[in-house]
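Questions regarding the structure given below will be posed in turn.
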Amino acid sequence: MSTRRWSVYLSGEIHTDWRERIAAGIASAGLPVDLSAPITVHEDSDDCGVAIFGAEPDKLWHDRKGAQLNAIRTRTLIEDADLVVVRFGEKYKQWNAAFDAGFAAALGTPYITLHPPEHDHALKEVDGAANAVARTPEQVVQALSYVIHGTMPAVEARAAE
Amino acid sequence: MSTRRWSVYLSGEIHTDWRERIAAGIASAGLPVDLSAPITVHEDSDDCGVAIFGAEPDKLWHDRKGAQLNAIRTRTLIEDADLVVVRFGEKYKQWNAAFDAGFAAALGTPYITLHPPEHDHALKEVDGAANAVARTPEQVVQALSYVIHGTMPAVEARAAE
Amino acid sequence: MSTRRWSVYLSGEIHTDWRERIAAGIASAGLPVDLSAPITVHEDSDDCGVAIFGAEPDKLWHDRKGAQLNAIRTRTLIEDADLVVVRFGEKYKQWNAAFDAGFAAALGTPYITLHPPEHDHALKEVDGAANAVARTPEQVVQALSYVIHGTMPAVEARAAE
Amino acid sequence: MSTRRWSVYLSGEIHTDWRERIAAGIASAGLPVDLSAPITVHEDSDDCGVAIFGAEPDKLWHDRKGAQLNAIRTRTLIEDADLVVVRFGEKYKQWNAAFDAGFAAALGTPYITLHPPEHDHALKEVDGAANAVARTPEQVVQALSYVIHGTMPAVEARAAE
Amino acid sequence: MSTRRWSVYLSGEIHTDWRERIAAGIASAGLPVDLSAPITVHEDSDDCGVAIFGAEPDKLWHDRKGAQLNAIRTRTLIEDADLVVVRFGEKYKQWNAAFDAGFAAALGTPYITLHPPEHDHALKEVDGAANAVARTPEQVVQALSYVIHGTMPAVEARAAE
Amino acid sequence: MSTRRWSVYLSGEIHTDWRERIAAGIASAGLPVDLSAPITVHEDSDDCGVAIFGAEPDKLWHDRKGAQLNAIRTRTLIEDADLVVVRFGEKYKQWNAAFDAGFAAALGTPYITLHPPEHDHALKEVDGAANAVARTPEQVVQALSYVIHGTMPAVEARAAE
Amino acid sequence: MSTRRWSVYLSGEIHTDWRERIAAGIASAGLPVDLSAPITVHEDSDDCGVAIFGAEPDKLWHDRKGAQLNAIRTRTLIEDADLVVVRFGEKYKQWNAAFDAGFAAALGTPYITLHPPEHDHALKEVDGAANAVARTPEQVVQALSYVIHGTMPAVEARAAE
Amino acid sequence: MSTRRWSVYLSGEIHTDWRERIAAGIASAGLPVDLSAPITVHEDSDDCGVAIFGAEPDKLWHDRKGAQLNAIRTRTLIEDADLVVVRFGEKYKQWNAAFDAGFAAALGTPYITLHPPEHDHALKEVDGAANAVARTPEQVVQALSYVIHGTMPAVEARAAE
């Protein structure tokens, strides 16, 4: 009935295809979801600031210029989001993902974390403020299907990892 | 003149047809209202969390996983709403309905309660922060007709129970 | 260029045709403005509560039921508004108009008052938090034309009363 | 047990001794209440702006300078208040009282109105957002005694007017 | 080191001594906690409105006057609180307790629920937004001791019911 | 994928063609951006208040009437904006530009400053709260292209001044 | 009666003794005011960042480090303030003063500007959102005396420049 | 002059003595600072939930109970803080530290990060929203001395690592 569209921001790890899998699942299920994400081309997100506003000899300021430019995008999209998905991958520290989770928590915006069990203990505070902990992108899609349309996962697909 | 649409969230009891009666009344009156509601399939709303994210041997966590997944939906829709209707039925404790009323009150979102007179005393605090207390779904539709278009109920329909 | 529409709420006196004159001026100037207002049929706004939710022998509660139902409309529309116009007429106390002005002020929503000079002293606090004090509905239309499109009034029309 | 003090702002009419009666009642009951109020010397509140910042030939700007200076006080104290009491007297329009009520309502701060029954109809919207309607200053003191300490009024004093 | 005091509001059931047990535990542990609560004399909280502001022949308005007067207290104290404890007893519907939980949730104020296991399923949404579910008042005191001072419960006292 | 449009407010200096150059760059790049700005016809923005609401003999009130009318526009558009660009030109004090930057900062809205290097020291606090400091309108367009679509500037165009 | 203390932040120009004159006036009048201000030792406020966190070869980053450190102080104190006084001197651009005014305006905190008449036109937007425009520090003290205690200036002192 | 005390929350790594060094520096400098921190006894912060509310066979829920209990403390103290210091140590992922930084950023509360240069790139987004990046606890103390009293570091101590 309702024609509401849901805004979902996909925060975190940029080295695997988890965003594509969520996008494919949403398309396949025909969900009314607008996905958004940070710029995921790693070197561009590092270099955007100096490419546009001029080179910096010091790497710290090189990074600062990029980070603050990226923040225009990420802050705006997180504030727009109805739901944030925060992905922690197997490698890298991904502090920006945890930062986004804290930002969402302070805004009162619900979020779902997506990470393998080996991070459970290290992420316990981040998970503790989340509405769900997912292990696979497909679970995120199932959660969206349920949240938006009340669709339960097919029995064979339930809680698969 | 105005093409404004109104967002109305229907919170509470899921065992009778009150949502359908409100939806029918809105359709019949041609009101520009987008209705939303929690997932009202009782067992799905209980089991959604474990169906998607994996079984839990302990009923408490089984329920927790479901409740927090449902909260993504309910919190988002209540925050979207211009008006919340909170229904307390004849049976069950429906603490979540009262929770939603408190949530709406803190947001400054107006709400209408819908319940039989025998709950009046027990609901006096919840009613005290409400903008109206309705006895029938038809009164809710009449209230929406008036609030949106200024339409007064037909004389024969007034204050019917 | 921009296709922005402006939401303007017209609060206050309901006994003269000031809303119609503003609406006519907006239509004539082709301004992208969505006007809204309280229900302006005086007796309906008095009786709506009891007509829908049941009669009250005590006039105080009769009025209360109506006022709180009307508040669903007025509060929602004021919170939606980019600008509020608050009209004080020659007669009546119009405390609800002043209430709406205070409500808008606390939200940080700009408002324009519209009243004859004889109320200037009594309205000095209300005017002191306003962005403008207008004497005629046509000045309100001129102000909207300027605010939205930068259109200055024709010389012969300037500051006419 | 608790040593909490309550901040109560007394808004509105300045021609009778209602503030003194509330202050006396609070002192007599030993309530932990900090009262505040606008400047109640009528001519000073009119002239403060020009007395400090320079004369204005036009009464409108004379009033504006005063009103905006007074607003520093009133806005700060209302934002501080746990409760606002809004008094409408028998004479005068007291639009600033209604403005303060709207301001409090938008902040989510509870308020009690204080006025004679003949204003009930004209104040129905203002009363409709209030937590109580009092007829006498003594009722306001009784309400504070109850709210702060749970003290019920003596039987002989109940609901006296 | 820090001399911070914590404000804790005790919401809900008024028929058992759970508040006294929490107060005793806090006193015994010397915790820097300011407790607050609604007025817990049942008949006074029912009758306060009419006792002060005048009798009402209709029970609904009798209750309304009381509920809105009580709300001045409860709303102020919940907004002040660092933590809310929400108690659901074995009997009664206690919708106001669930209302307070929703109110706290919307404010972003953490809360602990306190109820027996038989309410777990009915309270799953309310518990799902809580920071902890306690079974005994002593667990609430232990939680406060830990939150404020980092004091872990003595081994023999752990998780006792 | 996403059809999100970005709202960008262009604050500050009105004597050069920087707004046109940004608009041309956005059009050329086909960016989904809605630009907004204050009224940039200098004399109209000075005289709008008196032209509509009546002449003032005192220049201070002449200016006040205009400034407060302009503020209806600027405040609404800044609150709408996802991003503010704040331009400081070579001449004039442009305190209103700095005012807008402070307003955006308090709202948590990101902004980019645009000014020549000779203002760097005087603008250090304003730049310190900005997400980027641009030297040319083309850099602002490049920043928008990157923020919205992740498009990096062509190599020959990088960091041009 | 009330023991309320007022927090007043003194923003802007640091080259004349206006802050000392306000402080002396407050001391002389015995007003319950806590004054605060930015660090006013010009070279320290420029160099604090690099002195603590390490030198920067590029003046832009030298300034950035200082500005962001100073912002911890200024942002906190402005958010604390009941009233901000914003001083624009005869020389210098003082964009940070205008920035602070915009910041206060967005927070809804009242402010008084303090500047000579020759800046009136350039500051019209900043003055337009102010509660008062003062010409001398003594007028600021008189305003505080009135706002806090209702004390009118002595006749011989009125509106002196 | 002012007797303002500053609330500073120390977030992050719990395995080195950085908090003690900050506390010692503050004591030595006599700064009016109230420090707060999470519970830093690692095993207690892991086990507090189950020790108080009962054992959990599943480590995930064991951790959840602890994390949510700890969150009562951390959330309250961060919301209280004027400034947050966020420490990332040489080991461990410390996602909760980044979460706290994001939480502070969304609240508009300034924060200083404290970490060795090897984390600069991984922390660029977190540093990009910070007011300063410190390398040693002593720099944090120097920053506090400057922010609170304007005290510059002794020359020999400047920017020491």
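To keep things simple, chains are lettered A, B, C, D, E, F, G and H as they appear, and every chain counts its residues starting from 1.
Assume contacts are C-beta pairs under 8 Å (C-beta built on N, C-alpha and C of every residue); 3 or more make two chains touch, one makes a residue touch a chain.
Given the structure is predicted, the values throughout are model-derived calculations rather than measurements.
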{"item": "Shortest chain-hopping distance from subunit D out to subunit H", "value": "2"}
{"item": "Contact-pair overlap exceeding half with E-H, pair selected from B-E, C-D or G-H", "value": "G-H"}
{"item": "Chain whose mean Cα position lies farthest from subunit F", "value": "E"}
{"item": "Distance from subunit G to subunit C - Cα centre to Cα centre, in angstrom", "value": "36"}
{"item": "Gap in Å, rounded to a whole number, between the CA centres of subunit F and subunit D", "value": "42"}
{"item": "Interchain centroid distance [CA atoms averaged], subunit A/subunit D, Å", "value": "50"}
{"item": "Sites on subunit C at which at least two other chains make contact", "value": "68, 70-71, 108, 133"}
{"item": "Residues of subunit C touching subunit B in the complex", "value": "23, 34-36, 39-41, 44, 47-55, 65, 68-73, 75-76, 80"}
{"item": "Residue ranges of subunit G in contact with subunit F within the complex", "value": "59-60, 63-64, 66-68, 70-71, 74, 88, 92-107, 119-129, 133"}
{"item": "Partner subunit D, residues of subunit G touching it in the complex", "value": "1-4, 6, 82-83, 108, 110, 112, 131-135, 139, 142-143, 146-148, 150, 152-153, 158-159, 161"}
